[in-house]
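Take this structure first; my questions come after.
Labels A, B, C, D, E and F are assigned to the chains in the order they are written; within every chain, residues are numbered from 1.
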Amino acid sequence: MVVLIKDLLEGDRTTIQALVGSSSTGTGKNGNPYLSVELRDNSGSIACKKWSPSESDKEILVAGNIVEVSLTVKKFNNTLQGDIQSPRLLELDDIDVARFIKPSPIPKEELIKRFNKLKDSIENKDCKALLEYFLKKFGDKVYISPAASSVHHEFSSGLLMHSVCLAEHADYFAKYYNDINRDLLVTGALLHDFGKLIELEGPAIYKYSTEGKLLGHISIMCGELRIASKELNITSEIPVLLEHMVLSHHGQLEFGSPIMPLTREALLLSIIDNLDSKMMVLDKAYEDVKPGEFTQRIYSLDNRSFYKAK
Amino acid sequence: MVVLIKDLLEGDRTTIQALVGSSSTGTGKNGNPYLSVELRDNSGSIACKKWSPSESDKEILVAGNIVEVSLTVKKFNNTLQGDIQSPRLLELDDIDVARFIKPSPIPKEELIKRFNKLKDSIENKDCKALLEYFLKKFGDKVYISPAASSVHHEFSSGLLMHSVCLAEHADYFAKYYNDINRDLLVTGALLHDFGKLIELEGPAIYKYSTEGKLLGHISIMCGELRIASKELNITSEIPVLLEHMVLSHHGQLEFGSPIMPLTREALLLSIIDNLDSKMMVLDKAYEDVKPGEFTQRIYSLDNRSFYKAK
Amino acid sequence: MVVLIKDLLEGDRTTIQALVGSSSTGTGKNGNPYLSVELRDNSGSIACKKWSPSESDKEILVAGNIVEVSLTVKKFNNTLQGDIQSPRLLELDDIDVARFIKPSPIPKEELIKRFNKLKDSIENKDCKALLEYFLKKFGDKVYISPAASSVHHEFSSGLLMHSVCLAEHADYFAKYYNDINRDLLVTGALLHDFGKLIELEGPAIYKYSTEGKLLGHISIMCGELRIASKELNITSEIPVLLEHMVLSHHGQLEFGSPIMPLTREALLLSIIDNLDSKMMVLDKAYEDVKPGEFTQRIYSLDNRSFYKAK
Amino acid sequence: MVVLIKDLLEGDRTTIQALVGSSSTGTGKNGNPYLSVELRDNSGSIACKKWSPSESDKEILVAGNIVEVSLTVKKFNNTLQGDIQSPRLLELDDIDVARFIKPSPIPKEELIKRFNKLKDSIENKDCKALLEYFLKKFGDKVYISPAASSVHHEFSSGLLMHSVCLAEHADYFAKYYNDINRDLLVTGALLHDFGKLIELEGPAIYKYSTEGKLLGHISIMCGELRIASKELNITSEIPVLLEHMVLSHHGQLEFGSPIMPLTREALLLSIIDNLDSKMMVLDKAYEDVKPGEFTQRIYSLDNRSFYKAK
Amino acid sequence: MVVLIKDLLEGDRTTIQALVGSSSTGTGKNGNPYLSVELRDNSGSIACKKWSPSESDKEILVAGNIVEVSLTVKKFNNTLQGDIQSPRLLELDDIDVARFIKPSPIPKEELIKRFNKLKDSIENKDCKALLEYFLKKFGDKVYISPAASSVHHEFSSGLLMHSVCLAEHADYFAKYYNDINRDLLVTGALLHDFGKLIELEGPAIYKYSTEGKLLGHISIMCGELRIASKELNITSEIPVLLEHMVLSHHGQLEFGSPIMPLTREALLLSIIDNLDSKMMVLDKAYEDVKPGEFTQRIYSLDNRSFYKAK
Amino acid sequence: MVVLIKDLLEGDRTTIQALVGSSSTGTGKNGNPYLSVELRDNSGSIACKKWSPSESDKEILVAGNIVEVSLTVKKFNNTLQGDIQSPRLLELDDIDVARFIKPSPIPKEELIKRFNKLKDSIENKDCKALLEYFLKKFGDKVYISPAASSVHHEFSSGLLMHSVCLAEHADYFAKYYNDINRDLLVTGALLHDFGKLIELEGPAIYKYSTEGKLLGHISIMCGELRIASKELNITSEIPVLLEHMVLSHHGQLEFGSPIMPLTREALLLSIIDNLDSKMMVLDKAYEDVKPGEFTQRIYSLDNRSFYKAK
């Protein structure tokens, strides 16, 4: 039977499977060394200690690993804390990673349905071919990857959710304003962040790969589009326009785009990308705030505190 | 019978009524002084000269005046040019100003209908009361004023069109994301730029008033909301939230907002205001450009040239 | 008999009345919880602990409250520290708030005299009427409020002192340079920061109100001037010029002014406001520094350390 | 008898002595080359032409030279214009340069009196010795040099006037605030811009010297103070404090100060230097503007137009 | 016999072959239309007019075309000017483009020799394979392309010269400092700007291609490296390190690099790229300046005037 | 016999001579006060405690002093720690300071040899005279001073090493590019940072002097060059050009240069100064990093982590 972290109680002695969220060494007042470890599953998280860790313990209790441990649960300063015994590394083949990371607010299945509906609405054959190419190339990673590398705020299928929301906004504005190549805009919205599938490495906690740190998801995806277009023998200007949208979607040089938007589609994409990202940040920040109160300072919003209207 | 500027031909000698778009003095090769005058109506414009202008001519042919003149039409460098005789100032009471300025791309009547539909959808009584207050206060100016002061690119009902588009986007996003006070967002979208009704002075060519230059439409509207809320005895937090949305809708201190957005509604308003303004700029810039070409450099878009996809 | 904090000695067991300057929770080495509390009166401050605080203790010992406590005074690391017993909340009606906050370096009475002298020197009737209006509207708050919200560096009558100094500088420069509307400049100097009377909330420790956070004192005072001018039926350009001075007195958009100074009076006001604020900061920073030494880094002066000449 | 430029009338044929304000070549409609030359004296200026100039004419009619010319005065576009004949270079020894440049708004003699009064009020012997040193070193140049290099807006004794005004403000603030070394502040105010006596070269129109362009007046004066202090064997910290005031008086690195103010005296000096410079700019800008109007855009004030209150 | 532009004399009537450097329309005083055309070869340039141009003339005399024209040479304002008759478009196949553009200061043959010597010194097989790949891909364009798009300051083989100089500096510093992968640094120096071979289009005057404007040479070359590495099946980290060097070689986000240098090789490359570019700019700017004088303001060096030491 | 810090072992009781690297006070769990002191020599460093320090102990164990102490060596958390007894201040006259600070990576003797070779290669007599002047003025300090003030990363002869490297690069580029005054460039490279000999005060740990903080090494050296040139009666433009190179070598106003480079020599100097400084920073940062890993964030390189190629 699976024990969920959210169900742990003071005094429990039990065995759980969990993802190591973070890990660091320390020394107690008594001079004994310990590892300070955060364990998580998709129900919650708990701070733990492994006292007098062996070399083997240190290799197992590493951020990103999925482990099985014996746990004694105590209360300290009104908070539950666990003492770890006998940590054991689980093989990824044996386990369902999804059990250990927070799910997206919208169910993955619904997101896939909306993604496919958008894809099926594309009539331009070059756009369609490129979409198919990348779905095939990246496979299931498209459906499960988070949209950001943060160890703390990521959730499963985050990339998928962000792509779908942007593409739906793209569809809305393509109908609202003149002179917009709708298929180009929707395709760009669906693909713009796919470079993150190479920039970030999982399986459970996503971190920047060396390639990700040295190139960034923008340049990676631009290069991948170039390869794809060559392999698919596309001769229209669609590939250059998509590469441009990918390159410019951060909107400003200082935000990592090497070029600013120079087409209406690229300009729109950069604005709605900004809009959706900020809405996701606010969703998170408002979570713990009551109407009539201010949030904590939000780093990615210029360190401002936001007010939640009554 | 009304003669329209677009119908003038080389050799015509006729009388037209027109708006003076600009006026400056010069001296010809023969040493004769002249006024160089641009005349406009809602069908087009023509460059004219008034040779050896009298003091009275100089007082009549001033930018913003609406005049009746006798015109002799010539061709110079492949362009039509008019020689003005007997300029006469028209009384604003006698004339329909709308005849002399470019109409909005969407008919005023349709915009009013959409504005009213949005207004009628507001259920919050304080929002509704404030909307009614300002419609009554500013009257018809709301329906005819441009959205910008530029002598060249303004069009009639520009403020109305911008307000309606923003409010419709507001409605779309209020449904899409969580935790949004929809009535607050839509009301803010409808009212956010009403300070321009004081900042800019008409009737035909809109220029900054002294008050507009010294205070700006943002601070003017914030003060007007404060007066309105006091007169209407509103005790909820709606007025402060609306004042905040008005103050922060330019999004950044360096763009003239004294405070950055601190509510989800204010943040959304500032992003869609930016989006709609840029779409209007691109509409204009793409007008004369063929697919596969770049526009002129666009001052308000960081001096970039935009590409029009094939 | 009133016991002052500056008179406490090691070993004292006594009862004092004090303002709670700050309050935070902690846990001792023995595992016992405590509140760490700073108590202040206008003679000084002392760090205290309330061990094993009850829920009621936590509600009483909140920053900004004025309390009566039994105190045992100890010495720790060469510094006095108090152990709190039996904290009791005092009613604001029963007490003289001034007893608990640092007085201004210049006595309040002298400041009021200088304020009134400046006011009486104003001959322009609109300026005079607006001054009277706001004195009546805000009453005694004008004379006692601090000039800044900081929990640490505020002092009583700070706003009054800053206003008087600025107005005296205004008077000096109005005589020195040409083309200055002296009454306008002096009135602007006296009123420019009155928005803080709404932005900040007392009574003892001043904090930003929600309205203050969402609008800021600049926009609040601009709106208040607009209301006042309407109620007083002023038709001259004085109100617009004063609103402009209030809006622009921070001098730069990035410092929160929505518009830069556009009159000589507004430009002068912004410069002397900057000058007086920095002198106040240096007064504070030089306090504990000997000639030939450098101050601590000063946050509001670009984090520089200032040298005190020998 | 001296003919002043302000007294010239249409049709005059006369001989005048004047400073060449600017000079450039052109070609007339008839193909004839000419020099376009502005001539000035302290009463005004007149635009002139020298048709078919010889090589010698071109060497004489150079900006900064003082010349004697025969002049025929015509009217063109309602403005007087002169035709130059027989230009002759005047030797500087033979002439009073002051006749050709605009005098300062305050008479030189009064400025010298106020300068000396300030100097005599200095009690600190090192400050006094340095003042005497530089007065002796630079001699009369101190009393006649302009404060800025601009060919157009300079006036005689500008440096003296700026130094005196700053030192008087220094005296005012030294009495107003605490902890100010008054003699240091006043001496710094008097000397801070003396580097311009090397940075700019006269005699009549002041231009940047090569040394001025490569080092700037700030670094030049800092070095001169270092030499002076060494030669005067000063051992107090006065020289370092004065060098610091000179280095930091532009207030910001981006304005050419290699270090920001780090003493109260240096901070005050930088603020009142900024204040007085801007007042001088406004004096000039308001000159041609009527109450209720806006000035031209002012380059050194962020290109703003200033309003002149009614 | 070939007539060179530098050999033309007043009064000549002759036929020349030349590159059209620029072309614009105008109208003479007599009302006749003309084309104002700059003609160039590798010996110099001459300003010309084609009066009353036919439609065919307008299509032939377009910037970038190479033409044969009959020319009458006149003198105007001391400068030679040509009157064009009978312009004829030359086929690129018939002509040696090098005849019409300025050669590089170092002969192409020497540059190729130095390029090959550097290439042959590379021992790392992946670096070598990539170098060979791109030499084969771009062929002779590598040896003749300019390094910049400017219509005015380009010269033939500019890209080659810049690449060779950088690679020689790379070799110097790789020996000077520790821990540098010399082959990586030299290869990066040789390849870093090859994206310009796609960004710019010739043959004679180089202009930005549409792909160049929308993507930029940095992203283009990064993508080309990605394709090359895939086709060459390179599995080392060399490709990612080279892509990183290409992406970061402008050193700052605001200069168009999407990522800042994160390896010692990338950091060195960005610094010596900056150094060599500025030296090339100064070479040009110092050309017409005598010792002891200042250059014109140089746009790409922050608009500074540089002094040429005596 | 000298005991080196690197040779200390757990359990040792011995006497060592060492430099106090840093010192701060604390209180132990038992309530006993202590000084936490870092001791260093050129072989390494050790963290120590002096329990219950007397006033005399506190005066001796001050950062920058060189002391003799009795030491008991313990192991704590796997690290050696010393208990200090009987600290005694050593007279600087009695000791060789070099024993206590980290030596430069290149031996001092070799650096002096390379410095002299560069000096001897100078043919311009003014350059040579200035070099001799400053070598005489500053004496041995030139050979031993660090190049930076940091308490942690300095090393002996750092200034010498930096000067020599820059001058060798100067020599390389003077041969590579045209129009460079080689002697000027090399002299500037050797002298550019000599102001640090006044800005920083030793003997062992270098800290900013008051003069250094108020003026900075750039302005100090500029003034010293001015004095030197006067005393040496140099009349060429060499002094002004060297002063300019010193003033501008930080390259940007925001980095503390009051003027940007305006000669080719000054521009080159600023670029290679930047290059060599960054290489020194990377040398340090790469020290503890294995190939294929990233460094810690580097403060002086925009807080980036650098990758060490495999």
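Here, a contact is a pair of C-beta atoms (placed from the backbone, for glycine too) under 8 Å apart; a residue touches a chain by one contact, two chains touch by 3 or more.
Because the structure is predicted, anything quoted here is derived from the model rather than measured.
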| item | value |
| --- | --- |
| Chain labels contacting chain C and also chain D | B, F |
| Of B-C and B-D, pair with higher C-beta contact tally | B-C |
| Chain located farthest away, centre of chain E as origin (C-alpha) | C |
| Equivalent interface to E-F, taken from A-F, A-C or C-D so that over half of the residue contact pairs match | C-D |
| Rounded Å distance between chain A and chain D, as computed from the means of their C-alpha atoms | 63 |
| Rounded Å distance between chain D and chain E, as computed from the means of their C-alpha atoms | 45 |
| Chain E, residues touching no fewer than two other chains | 210, 213-214, 237, 241, 262-263, 294, 305, 307 |
| Pairs of chains, among all present, that meet the touch criterion | A-B, A-C, A-E, A-F, B-C, B-D, B-E, C-D, C-F, D-E, D-F, E-F |
| Chain A residues within the chain E interface of the complex | 210-211, 213-216, 218-219, 222-227, 230, 237, 240-241, 243-244, 247, 253-259, 262-263 |
| Residues of chain B that touch chain D when the two form their complex | 27, 33, 210, 213-214 |
| Chain F to chain A touching residues, read off their complex | 77, 292, 294, 305, 307 |
| Partner chain C, residues of chain D touching it in the complex | 165, 168-169, 172-173, 176-179, 181, 184, 237, 241, 260, 262-265, 267-268, 271-272, 274-275, 278-279, 282-283, 286, 301-302, 304-310 |
